[in-house]
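One chain, chain A, links the two complexes that follow: it is found with chain B in the first and with chain C in the second.
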Partner chain A sequence: MSLLSVRGLQAGYGKVQVLFNGHIEVEPGELVGIVGPNGAGKSTFLGALAGSVRPSSGSIEFQGTSIRGRKPEDIVRLGLALVPEGRAIFTDLTVTENLRLGLTGRRDKSGSAKAIAEVTELFPVLASHRGHQAGLLSGGQQQQLAIARALVSEPKLLMLDEPSLGLSPTVIQDVFGVLNKIQELGTAIIVVEQRAHLIMSVASRTLVMREGHVRATLTREDARDETKLAAAYFGTGEDRE
Partner chain B sequence: MSNGLLPSRQLIGVTRFHWQQLLGPIVVVIAVSYLTSGVSASFSYLTEGALALLVMVLSLQVFIGNSGVLSFGQAAFAMVGGFASGLLTAPVKIKENVLDGLWEPLKAVNMGIWPSLVIAVLVGALFAFVTGLLLMRLSGLAAGIATFALLMVADNVFFNWKLIGPGPQVMPQVPKFAFVDESIVLTVIVIIVVYFFGISRRGRLLRATREDALAARALGASVWHLRVLFFTVSGGIAALSGAMYAHHAGAVTARDFYLGFTFTTLAMLIIGGASSLWGAVVGTILVTAIGQVLLVLEGGVTFGSVEVTLPNGARGLVIAAALVVILIWRPKGVTGGKEFNLPFLNRKSAAAHDSHVQRTDANMNIKP
Partner chain C sequence: MIQTILDALSYGGLYGLAALGIGLVFGVMRLVNFAHGELIAIGAYLMIITIDLGLPLSIIIAVAGTAALALLMELSVFKRLRLAGPSVLLIASFGVSIFLQRSYEIIFGALPISGQIAPWMSGVIEFGDTTITRGSILTIILALALLAGMRFLVENTTLGLQIRAASSDFQTARLLGVRSNYVIGTAFVFSGVLAAAVAFVLVTQRGSVDPLFGVNITILALVGTVIGGLGSLQGAALGGFAVGATISLLNSFLGNYRVYSYTWLFILVIIVLLIRPSGLISNKAFKERA
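On to the complex of A and B.
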């Protein structure tokens, strides 16, 4: 059984429909990418999964139960955590205090200290800055903090919205390096990215979105074939799924 | 301290326990109260009234300051508290003679001030909880209008329904506090409660919902639950303020807690700085002081050969003007939304903190 199974998802803002056909299957521990040009509906798709955007139709099944229309705070408790675009860490709080806010989404409150310890082990740079104000961290460190804060709730599926935004290439490598480590711990990940090559090199499958539709699913082998990506990305040639 | 270059999601207000942030306002409140109440009997009376107002401003601060939702309705809970404590303590004979429409069990009951204060707080909190369940589903302008409607509903009910109070009359013979000390003790208790709610995990989460609701919800924070909780706490404290006011004035009417009361306390909060407890204290002291000076001037003062007399109503105009000036030039209030802080008292603890951080860096053997 898939961890997450989404079919025919539609969503938008008021009368403006942005997402026309969102579908995705994620197996436990899998890393799936979503790429596509600006305005393709990638963030709306993630928002609909996380509950911050209300879907108008379609189905979302997480671990066999429907979560469509549930509130974001309930969805986190079921084990589906979102790291929103632009990191959204609280700059006036220290690193540890930010991590503690992440504990809110835990179902069982026992083992909270252990969860923080494990997560900081994954991000050594956070351990060394734990008493520092989060606003004084570099962009890459803040992104790691945002990911760590979501991990503290011990999600089964972690969703990242453009983690590379505003980061330099070397820092992006650090952040993406951590993704594989998280995956090794058994957490499935969905990453929305503008940088297609970057995500296709680490993801087992990558969905290509365009104009509110998932137009193609590319494997890691497809990533080496420039023409396939370009065709899916820009809509030239046949859509393939 | 925050880095201006980064996208800022500041959580203004207290986030962790600092003894001076709690003790500072307490010491200032106690000192100012004893200084002013020592001047004369009328100053003592004034101080007691100001402390009741301060408790109201603290009630506004714990909800508005932490949630960022503006409420014009908290005076309704002060009304509930003032009526509850007034009715529970006034002599049975007076109630029988003056308030003939009153519900019989309310006529018969009579208790001391302290138990009646506890009941007033509980009734106010319950009332806030029930109304909050509905009102806290709203935010922004809708919440402001709906809470204002609550105030008007409460005023109409209390002004007209003689079963639960004096209606349009004054409820007389409410026992008064014997000394200013009772008000000081109650205010200090409220300061402690408001402070610890502010720095609690839920207080921090509520401020997180104010700064970035999506990010906070993605972490699992329920905006509605948190707001209802703080609205209830605020309602209980507002009821205490109303009760303190009733036992200060020795009488209570619905109109004591209407527009003038709402405007004055909100002005105090905004002038002082809504996002900090210290702002609530400073705002109350400032507005009360300005008000008293102007009151004296309205009565006419002679400086040497020049007599200065301000027209009646100058007080309200000056406070309104002060509010406008603050909103334009210092929207976070005169305290800037910061808590009480004397840097020289911090030096020791800051040094200890730094050395701790360096030690952890060394232990991890990683370059910061």
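On to the complex of A and C.
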């Protein structure tokens, strides 16, 4: 049984439909990528899975039960966490307060202290900035905080919306390195990423989205095939990279 | 002179409480709740109606009743408008405000109802030559206690952390598991409790209540929340304090010309907003509700 199984998902904002056909399968512990041009509906897709955007039709099965139409605060408790685009940390609160907020989404409150200790082990920089205002952290540190905050709820599936946005190449390497560690700990991950090559080298499968549709699913082997990648990405044969 | 300062402090504290009640609800749901005035009014009505049961019981009934009405507003009206924009919420709160004013008129009558609430509040204490009113001292103590209590709650409890998070970015707070209905519901309950405290002080001063009892202070407290910086609880309390203290000082300095107090107040408000358009304490994390 898949961890997450989504079919024919449609969603939008008000009367404007943005997502026309979102589908994805994620196995436990798997890392799946999503790529696609700006405005393709990637963030809307993740939002619909996390409950912050209301789907109008389609099915979302997480661990065998339908979660479509449920509230975001309930979905995170079931083990499906989203780190939204642009980090969305609470800049006025301290690093510790941000992490404590992540505990809200835990089903089992007893392991709270341990969960915080574990993520600060994963992101040592957070431990040294514990009492600082989160807004004073660098971009890369803020991204790590956002990921750590989602992790303390101990999700079965962690969704990251463009974690590399605005980060320098070395910091991106760090963040992706941590993703590997998280995956090794048994958490499945979905990553939305503009840089197709970056994500395809670590993901077992990568979905290509365009104009609200999931148009193709590429394997790691496909990543080496430039024309196949470009064709899926732009819907033509041209190469813009 | 001492009395003037005490008056300013007590008015400031009172308006600070009113503004904090408005600011709490604004924080978590970006709703400017005009009906806060009707919460203050019901607190006063309940106190006057039940004062024969003794002051402590009367206060308990007023606090519980006001908090219950605040929660009822949320559950019956605002909860249904979660997806609506700020302008719809604003107009809805006008609607609730007017609906309640008319209801009070039908239930309690349009004329003021009087009652003696805690007459000892209007007594004076003498220090040699100077006399000061007991009411001003007690109001300052009450305001300080409530402001400190709210501060502790917001800064040091998990619920307070969730309120702060929800106030700066509601969507993200929900993604982390913060229960939206619970946080908004508690914000309304707290705003009701603060409204009851304001009602208590006002009704001991005025000795009567009418359907428009809370309108004036609510408008001025709203001005206070804007001056303090929308979206910051500290700012709301501080802005409310500034407005209340200023009104009180203007009233004493203008003497017979006190009818112009409000003119001067609003001139000052405009100047403050010209210098600091986002308020005295601007909340950097303040975000429009998506």
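FYI, the second predicted complex is superposed on the first by the 236 of 241 C-alpha atoms of A that agree within 3 Å, B and C clash if a C-alpha of one lies under 4 Å from a C-alpha of the other, contacts with A are read in each partner's own complex, and residues count from 1 in each chain.
Please note the rule applied: a contact is a pair of C-beta atoms (placed from the backbone, for glycine too) under 8 Å apart; a residue touches a chain by one contact, two chains touch by 3 or more.
What you are looking at is a predicted structure, and each value in this text was computed from that prediction instead of being measured.
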Partner chain in contact with A:Ile116 - chain B first, chain C second, else both or neither: neither
Partner with the higher number of touched chain A residues, chain C or chain B: B
First, second, both or neither for A:Gly131, with chain B first and chain C second: first
Partner chain(s) touched by A:Gln142 [first = chain B, second = chain C, both, neither]: first
Contacts of A:Lys71 with chain B and chain C, given as first, second, both or neither: both
Touching partner for A:Phe90 - first (chain B), second (chain C), both, neither: both
Which superposed partner A:Val26 touches (first chain B, second chain C, both, neither): neither
First (chain B), second (chain C), both or neither touched by A:Thr104: both
Contacts of A:Ser52 with chain B and chain C, given as first, second, both or neither: both
Chain B/chain C common contact set on chain A: 50, 52, 71-73, 76-77, 81-82, 84, 88, 90-93, 97, 100-102, 104-106, 135, 149-150, 153
Sites on chain A touched by chain B in the complex: 50-52, 71-73, 76-77, 81-84, 86-93, 97, 100-102, 104-106, 124-125, 127-133, 135-136, 139, 142, 149-150, 153
Interfacial residue positions of chain A with respect to chain C in the complex: 50, 52, 71-73, 76-77, 81-82, 84, 88, 90-93, 97, 100-102, 104-106, 135, 149-150, 153
Chain C residues touching chain A - in the complex, by the definition given at the top: 158, 161-162, 164-165, 168-169, 171-180, 283-285
Chain A-touching residues of chain B, taken from the complex the two chains share: 1-3, 6-12, 15-16, 201, 204-205, 208, 211-212, 214-222, 353, 356-357, 360-361, 364, 366, 368
